[in-house]
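Below you'll find the structures, each written out as structure tokens.
First subunit A sits with subunit B, and in the next complex the same chain sits with subunit C.
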Partner chain A sequence: MKGKMFELNTSVFTLKELKNTDISSYDAIYLGDSFCRQYKDNLSENCKDLKTAIRIVKDKGKKVFVSTYAVPRNADLKGVEKTLFNAAKSGADAVEIQNYGVLRISRREFPELPVHIGSLANIYTVATALKLKEDGVKRIKGNYELCLDELAELNNSAGLETEVLLHGKMILGISEECLTKKWSNKKTKACQDFCRRNNYLSSKKLVLNNFGRVTLSGKDMCTIEHLPLILDKGFRFFRIESFRESRDYAAQVGNIYRNAIIEALESRKYSYKKYLLGLKNFSPIGFCNGYYFARSGQDYIHSKK
Partner chain B sequence: MLEAAFSSGADAVYVGPLGWSRRRARFELDDCDIEKAVGIAHSQGKLLRTAFNTFPASPEISLGLKKIEKFLKIGVDSFIMTDPGFIYLVHKNFPHAQIHLSVGASALNKEEFDYYHKIGVSAVAVPCELTIKELKDLKENTRCGIEVLVHANRDYTYLGRCTMSSYSCHSWAKDKNNKNQFYGSPNRGGLCYRICKLQWDPLGDKQWSRDCRSSVKNGLGNNAYFLFQDIPDYIKMNVDWLKVQGREYSIPLVKEIISFYRETMDMVFGGGSPSKDKTICRRLSRLVSWRDKERNSMTNQLLKESCN
Partner chain C sequence: MAPINNLHYVNKILDSGADIVYGGIKGWSLRPNMFEMRQKDFIQAIKKVKSRGKKIFLAMNCFYSTNEIEKAIEMIAKMYALGIDGVIISELGLVGEIKKQFPQLDLHLSVQTSASNSKDLEFYKSLGIDCVVLPRNLKECSVSNINKLSKVENIGIEIFILGDDSCNLDGRCYLSSYLCQKVRHDSTGRDFSALGSANKSGYCFLICKRQCSYFKDGGVQSQGRLLKRGDLVIYKDLKELVSLGIKVLKVQGREFSPFISCRMVSCLKNMLLNLENADKYNKTVSELESLIKLKQRIQDRHLYLLEKSSNKIWRLLREFLQRPIDGLEILQWQIFH
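And now, the complex of A and B:
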């Protein structure tokens, strides 16, 4: 994808969430939760809902990708293969994979199904991207720790679609067990759905957002000020992460970025300030730039203008 | 430390070449010292392995390949690695090089083991989260050898899937060989600041805050462990290597840990049951206290650094 064409995408975990969210700003939707197979009504685990969700997204003229479980152990492999089967059978445009074992299954059993590799697969080098190209992968997302120049090198050298995060919380870690359940003083085996609420952990100058098995950044990665630079570097596949956020978050943040990208592509006088004001309402802990400028992930750097 | 490890019963030692392992420079060796280490190891009939277990920057891979070529010439026995692309290139360029997969790759299932085997990996250091049953299954159904960390630490996330340290505090700095040190990113070769060991306060949802306050006030996880009772199972299932993580500890402590495990293994091979031996259990208890004291001191130092 070159010139003024671009793709803006986000993720939706359940059918209910999909039906209640205005996805008109997006070109593509990732369906399902990669982090927890027990997440209630997770589209990656529910064949009937997935089929309906794929139809809804496709009827709106958008592309649809299906997320697969990120950290499968041996006992999870059959379930993950079922997700791949359902995605292929229901006409998904691609699957998102975070584990090299799942990549192996996907290429062997469903060779026609395009594959995107997610950030938890730890793509740090052009060498890895080239190996994935040999494996038949279509799109990659580098590890969050890569700076913009390194991501541009991946984009320019590997000949694969390179997706970058524009806005939202970054995944800082994934655990074996549900942390909200583990830390709760109520020792029950049942899922308590704590991950659907606002759970933050604070220590000194650091805030984390806890979401079941994953730890997210407390701050929202925000690139609205740096969009012209990101576009100049040649990126055209963009992700808005909206895990567990309100339906307004996905709709409005998507809308703001769509307008901003179009303005930045069409005008030399791009002004981010009006967009930034709209985004601030959705980020109680504040903004960061992640690792894009080779600094600590929680830092925010202002553009040089 | 190398000589102490061998004299206490280690069959092989991993060393980190400067800038390429998951520890900072003072726990790594330059090329001359690695050559000397190979000499020491081989003179005793032991193995010297090197750790390239980080995700380098793309342009650094050519530096890494040159280093591996040099190390093969001086007789380094094997390489422990993490980056799939780098592993694949080493295997393509030096098909005889023995490559182990680092625990930092967090390989979790048999299909993943097979993926790595196909790109050149002959053994996998397994994540400490895997159960005995899973290890048995992996050992029986894959072509990779298995390396179990009997003394290490269990992070609160899967190892290699955590960027909390660099989210908190991260900077780039190149050394004289043009290798980036990536301070604060253990995945990339800097050291982990152990941010998860800070004291945490829950915020947000009231019920969640109330329920988990006591669980997170002294840290989120990341505790060192000694695997002891499982040793007979590992031996029975023919685990290929038992590994002691020890680079950050004092030489006397590393020596004591290795001799503890060597004697425990000898007892198992001799038909004994170490977990029923009171002397061994008392020795383990002393080791735990000693190790915790040294680890806590290192953790406090790292947390102090991260806050500065």
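And now, the complex of A and C:
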């Protein structure tokens, strides 16, 4: 994808969320939660809902990708294989994979199904990306810790679609157990949906969001100020991470970024301030630039202009 | 397989019963510089280990940048020429070149890759990996899961039987670089900063072991070391693990005092030799448990420093962690026994 074409995508985890979200700003949607198989009505785990969801997104003329479980043990492999089967059968445009065992299953059992590799697969170098290209991978998401220059090198040298995060919370870790359930003091094995509530973890100089097994950055990564630079470096596949956010967040943030990208592509006088104002309402902890400028993930730096 | 971080302890750790030792060269391994050996010390260590007929592995198990791959291969070539038996890596981009240039080298995949299902192992085998280090968090599934993984053909399994555990999966934790990262490159372009990503040989700030507060719906729900998990203690299942034919049993600890590493290795070797002798076995287990308590106490001091100290922390940490533990602690440990 070159010139003024681009793809803006986000993720939706359940059918109910999909029906309640205005996805008109997006070109593609990732369906399903990669991080917890127990998440209620998770589209990756529910064949019937997944079919319906794929149809809804396709009817709106958008691409649809299906996320698979990120850290499967042997006991999870059958479930993951079923997700791949459902994605292939229901006409998904690609699957998102974070685990190399799942990649092996996908390439062997469903060779026609395009594969996107997620950020938890730890792609740090062009050499790894080229290896994955040999295995038939279509798109990669470099590790969050890569700076913009390193991501640009991946984008330019590997010959693969490189997706970058534009806005939202970064995944900073994934655990073997559900932490919110552990801290809830309720001794029950069943999922109580604590991760759908507003959870924060605060330590000295650090605020984190915790949702069950996933630890997210407290601050929202925001690149609205740096969009011209990101576009100049040749990126055209963009993700808005709306993990466990309100559906209003997904719709509004998507809309703001779509308008901003179009303005940055078409006009030399790009002004981010009006967009930043709209984004601030959705980020109570504040913004960061992630690792894009080879600084601490929670830092925010302003553009040089 | 036991860690080395100090040239003077190489003989001692071999005397303790290690069959293989592994260590990293400053700037090229997962651990920060302060916990690794200088290149010239590592070369001496190779000579010492080889003269005693044991094996030595080079840990090159951090994730590199694209422009560091070539230099990493040069480093492996240099150590290969001096006689290392194997190399531990995380970066998949290195595999093809290593297999092509050094086909005799035993290639182990680091714990950082969190390989945890049979298909993972098949994938890594297809790349040319000889042995995979299983993630430390696999203790949740324990021996039954390890059993299934050990059935994957033509690939060895290496497990940590003693070490730390983290709330996040190995190689899937970016908390430290989110808190603090200052990337600095040396003249060769290598990122040598101790304040870099923990996946790229930067310092791990042990955020998962610190005091924190958990807020739910606006109010404090709980406080304490909420993300902390206990130590990895798979050694309790030693008999079953041996019967599964695990290729390598490994002790973590390049960041610990060599004194502790030596004692731990000695205990584990005793346990392995006395699997059928319940009396001797149990006596060694209790000795090992008191060592683990000692290690935890040192780690608590380490945490205290991290939580209270300023930028001068690196010098203090080196003082605390790289020297053998002080006489008082050795005395306490002996009295405890």
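Here, the second predicted complex is superposed on the first by the 305 of 305 C-alpha atoms of A that agree within 3 Å, B and C clash if a C-alpha of one lies under 4 Å from a C-alpha of the other, contacts with A are read in each partner's own complex, and residues count from 1 in each chain.
What we mean here is this: a contact is a pair of C-beta atoms (placed from the backbone, for glycine too) under 8 Å apart; a residue touches a chain by one contact, two chains touch by 3 or more.
What you see is a predicted model; the values in this text were computed from it and never measured.
On the superposed subunit A, the two partners subunit B and subunit C do not both fit; they clash. Residue contacts after overlaying the shared chain place A:Val253 against neither subunit B nor subunit C.
Judged by the touch definition given at the top, the superposed model places A:Ala127 against both subunit B and subunit C. Once the two complexes are laid over each other on the shared chain, residue contacts for A:Cys222 go to neither subunit B nor subunit C.
Residue overlap on subunit A between the subunit B contacts of one complex and the subunit C contacts of the other covers 71-74, 76-77, 99-105, 120, 122, 124-131, 143-145, 150, 153-154, 157, 170, 172-176, 179-180, 183-185, 194, 197-204, 206, 208, 215, 217, 291, 294-298. Residue ranges of subunit C in contact with subunit A, taken from their complex: 63-66, 69, 90-97, 112-124, 126-127, 137, 140-141, 145, 148-149, 167-169, 171-175, 177-183, 197, 199-200, 207-208, 210-218, 221-222, 226-227, 307. Contact residues of subunit A toward subunit B in the complex are 71-74, 76-77, 99-105, 120, 122, 124-131, 143-145, 150, 153-154, 157, 170, 172-176, 179-180, 182-186, 194, 197-204, 206-208, 215, 217, 291, 294-298. In the complex of the two chains, the subunit A residues touching subunit C come out as 71-74, 76-77, 99-105, 120, 122, 124-131, 143-145, 147, 150, 153-154, 157, 170-177, 179-180, 183-185, 194, 197-206, 208, 210, 215, 217, 291, 294-298. In the complex of the two chains, the subunit B residues touching subunit A come out as 55-58, 61, 82-86, 88-89, 105-116, 119, 129-130, 134, 137-138, 156-158, 160-164, 166-172, 184-185, 187-188, 195, 198-205, 207-208, 211-212, 214-216, 220-221, 307.
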